[in-house]
């Protein structure tokens, strides 16, 4: 897990300054770096915290000579360098090689020779695991599910039956893929159906018992999908709920039945996407964003935190607010609301002025 | 799992057209149906996608003659027919009959002869399971909990001690019933208590350490309750937290301690109901709705997505917004906010006009 | 688990009235108390529901003589007394003493003699558990994690590697500590980065693939931290995500990577705190509150339910709304929005009056 400064410079496509033979045992913020650790100082605020005689990661344009360092790697895009640096340093959790003797694996399941399968894993009939699978303790995988190469499945993940998962997927602690969709129907038209038709008016209220519409469709996750801790994706009704290649899902995100999420999206913590919504490619939804059922969010939409999207959103739009509107419209609306006390005062004053003018006019005429 | 078109027509209380002997192996949207699958085309948009010579589910009033089908079932309420059709087709996850040898079951627990209990299930002292229980892998059930007939408990569900669960309940992947309530107290009045009394004013700020009020009440779930993946219901303080018969709970829903939810409600994804709130019967809360602690939401209330209910809501009300108001009031408020730029312009113009009028009047008088 | 009224009075630092030798077998609300249970009647509404001849918990100033009770304990701060009473009565879940034979514990882990470790627990290399640890079934603890004294870890909790946990911590059902942070970077500047710089403007849209920034920092939880069911705390990037002493976290709360939460905070259900935010001491965040990434929330801030905090909040502030503003400002804004229909009418009327005045003036001059 150790590497030299020269190796790091090469791995990050950066420039080496100073002693390339120094070994890096870890990384830390400038000011907290221990001997042997590379100090991160890619923004100016950290420069003065750098230990003299140490190693540092710097942004291009910074001047290592003046900093008294022994070695530095300079990079053009520091955030990107962080990806390479942290990947190089990450020991990750332990996945002991081989299949733990306590794993309960159906004889019909296909398990590759190089799989690492932890204690108390349960794998159902006809499951197919790709090469390089790493499965942590207490994971369960239902019948007929297929998982691609190099999957990393953390402790306590639940994968139901008939799920299809691509290559290089990471499912974090307690994530759940393939639970029942939330789809129910009443024998007669329900109150909710009435309101959708009438925008708020309802006929008589009556008893309504909910009958489940079963979820025959599974879930399809593309390549390079990551899913955060305790997030949930429901199975589809007739066709699969799908998440496209490269999409990253944070913790406690809910994706409803029949939803289609495109490629390379970011869905932040506590986002909820209701049933049958369609999300385009490269969409970014901030924390606690909500998307109504059956609507369409176009490619490249970005929605700020807590935005609630009730209606279709065109491609490329930047959204904010509840209901979601263009970001600049929402910022303007917030300003307008803040200025209301002054507006109320102005109108009160105007009313008085106008009343006086009317009185004056009347007096003049009389 | 196969059935004929004649059997399906009978099961759905629909009309058969054409060859009732055709066997159905699955269901798909029109346009995606494979040979042997029944195509779903109950709305007009799907009609032209129907494969000639196939089977279809149609809405009453559609004309199968013109569509070149071999057989069709026509139904009056298509959404309801979907419930019957998908139930008939659902293979579900595998629940192997019998008790898996790895299940750890306290000798004092009552397990029915027909129970299907999966690997690594842990069942505590004095637990009573009803007939027909199906318990997936990695489920844990705490001491003294009682579960009714025909329960379906999916992988990784957590049921704590002293929980009472009715018949035909479905608990999805990772759901948690009976965790500690979120109930704490400080030795002196806390900042939150002060603010509740004063609507925002606080005396001096001071140290406050939180002491737990323990949760002696359990949880009671009625018959036919369903609970989504990774949702949570806390145990009550002195009396049980309760959810009424027929209520359906989506994924990632939080129900606090002492909450009482009535019968036949729908609680959508990421709904949060704070401690001691009472929810009536047939209440529908859209995704990400919040309900404050200690308030009452009347029967038949429907709240749109992301509505935040801070105060009691009368029966039958349709709510929207934060704070929740009548749906039509919120729609009107949204319009009024959007129109504010024009209002500001009008008032500015008025101020100018009035100033001129005042100047004119003054000049006229001088 | 039984105690006498005299013992209870002493434990709660309250006054005994009547027969101190009566044994208490449980507690219930007044009106629901069975024989042997102490009835809770610390607010006036419950007084008339008290059973004659029974036991009650009363507030100081109430008069037990008039109530026909056999014994009562009178307390000065009833909510605080509830903490003592419920603690005394709580049997909790069963934690059988000793290490269950099915637990898979790495030989290098340090397990104290008095630990209670349930079935199917998995403990990794070099884990150190403190005295008095109680670990329920299906818990997993990753390598090099250290947990202090008297931990209570409920069923299905996931603790990743390199986590440090203090004394007397309670982790509820399904809670997850130490999953990967949600930190990704694109090779070129992403749409989100552009918008942050420009407040909404974007250059050309383009392909963007997300590369993970790995999470080398762990998680540090202080003493007396409690964490609710299915809540999640991510590991930090370079330094640890930390939660201070005495902070209590409700169910389904998400705490992002690098977040620092202070001491004695309350974070209610479905709160989301985005990456690198800093939360002071004694902060109370109501249900569904959101905190943006990289901002600072000062000591003693209290945010009402569903408040969305996008910018730094000074110490002691009471917040409400989205975006968060002072509570009184938000209440005023809500009023101002409700009154808008009247304002629109007034302005329309004013416009008419002013137009008439202008016409009159013009006519007078002509």
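Letters A, B and C name the chains as they come in the text, with residue numbers starting at 1 for each one.
Criterion: a contact is a pair of C-beta atoms (placed from the backbone, for glycine too) under 8 Å apart; a residue touches a chain by one contact, two chains touch by 3 or more.
The structure displayed is predicted, hence computed values, not measured ones.
If I list every residue number at the interface of subunit A and subunit B, are over half of them used by both copies, so same, or under half, so different?
Since fewer than half of the residue numbers are used by both chains, the interface counts as different.
I'd like the angle of the rotation relating subunit B and subunit C after CA superposition, in degrees, nearest 5.
120
Which integer distance in Å separates the CA centroid of subunit A from that of subunit B?
22
Tell me, which residues of subunit B touch at least two other chains?
120, 138, 156, 174, 230, 252, 270, 288, 322, 337, 343, 347, 350, 354, 357, in rising order.
Taking the complex as given, what residues does subunit C use to touch subunit A?
Touching subunit A from subunit C are residues 104, 120, 122, 124-125, 138, 140, 142-143, 156, 158, 160-161, 174, 176, 178-180, 182, 184-187, 191-192, 195, 199-200, 202, 205, 207-216, 230-232, 234, 237-239, 252, 254, 256, 270, 272, 274, 288, 290, 292, 308, 310, 322-323, 325, 332-333, 336-337, 339, 343, 346-347, 350, 353-354, 357, 360.
Which subunit B residues qualify as touching subunit A in the complex?
Listed in rising order, the residues are 26-29, 32, 40, 77, 79-80, 82-83, 86-87, 89-94, 100, 102, 118-120, 136-138, 154-156, 170, 172-174, 226, 228-230, 246, 248, 250-252, 264, 266, 268-270, 282, 284, 287-288, 299-300, 302, 305-306, 316, 318, 322, 326-328, 331, 334, 337-338, 340-341, 343-344, 347, 350-351, 354, 357-358, 361.
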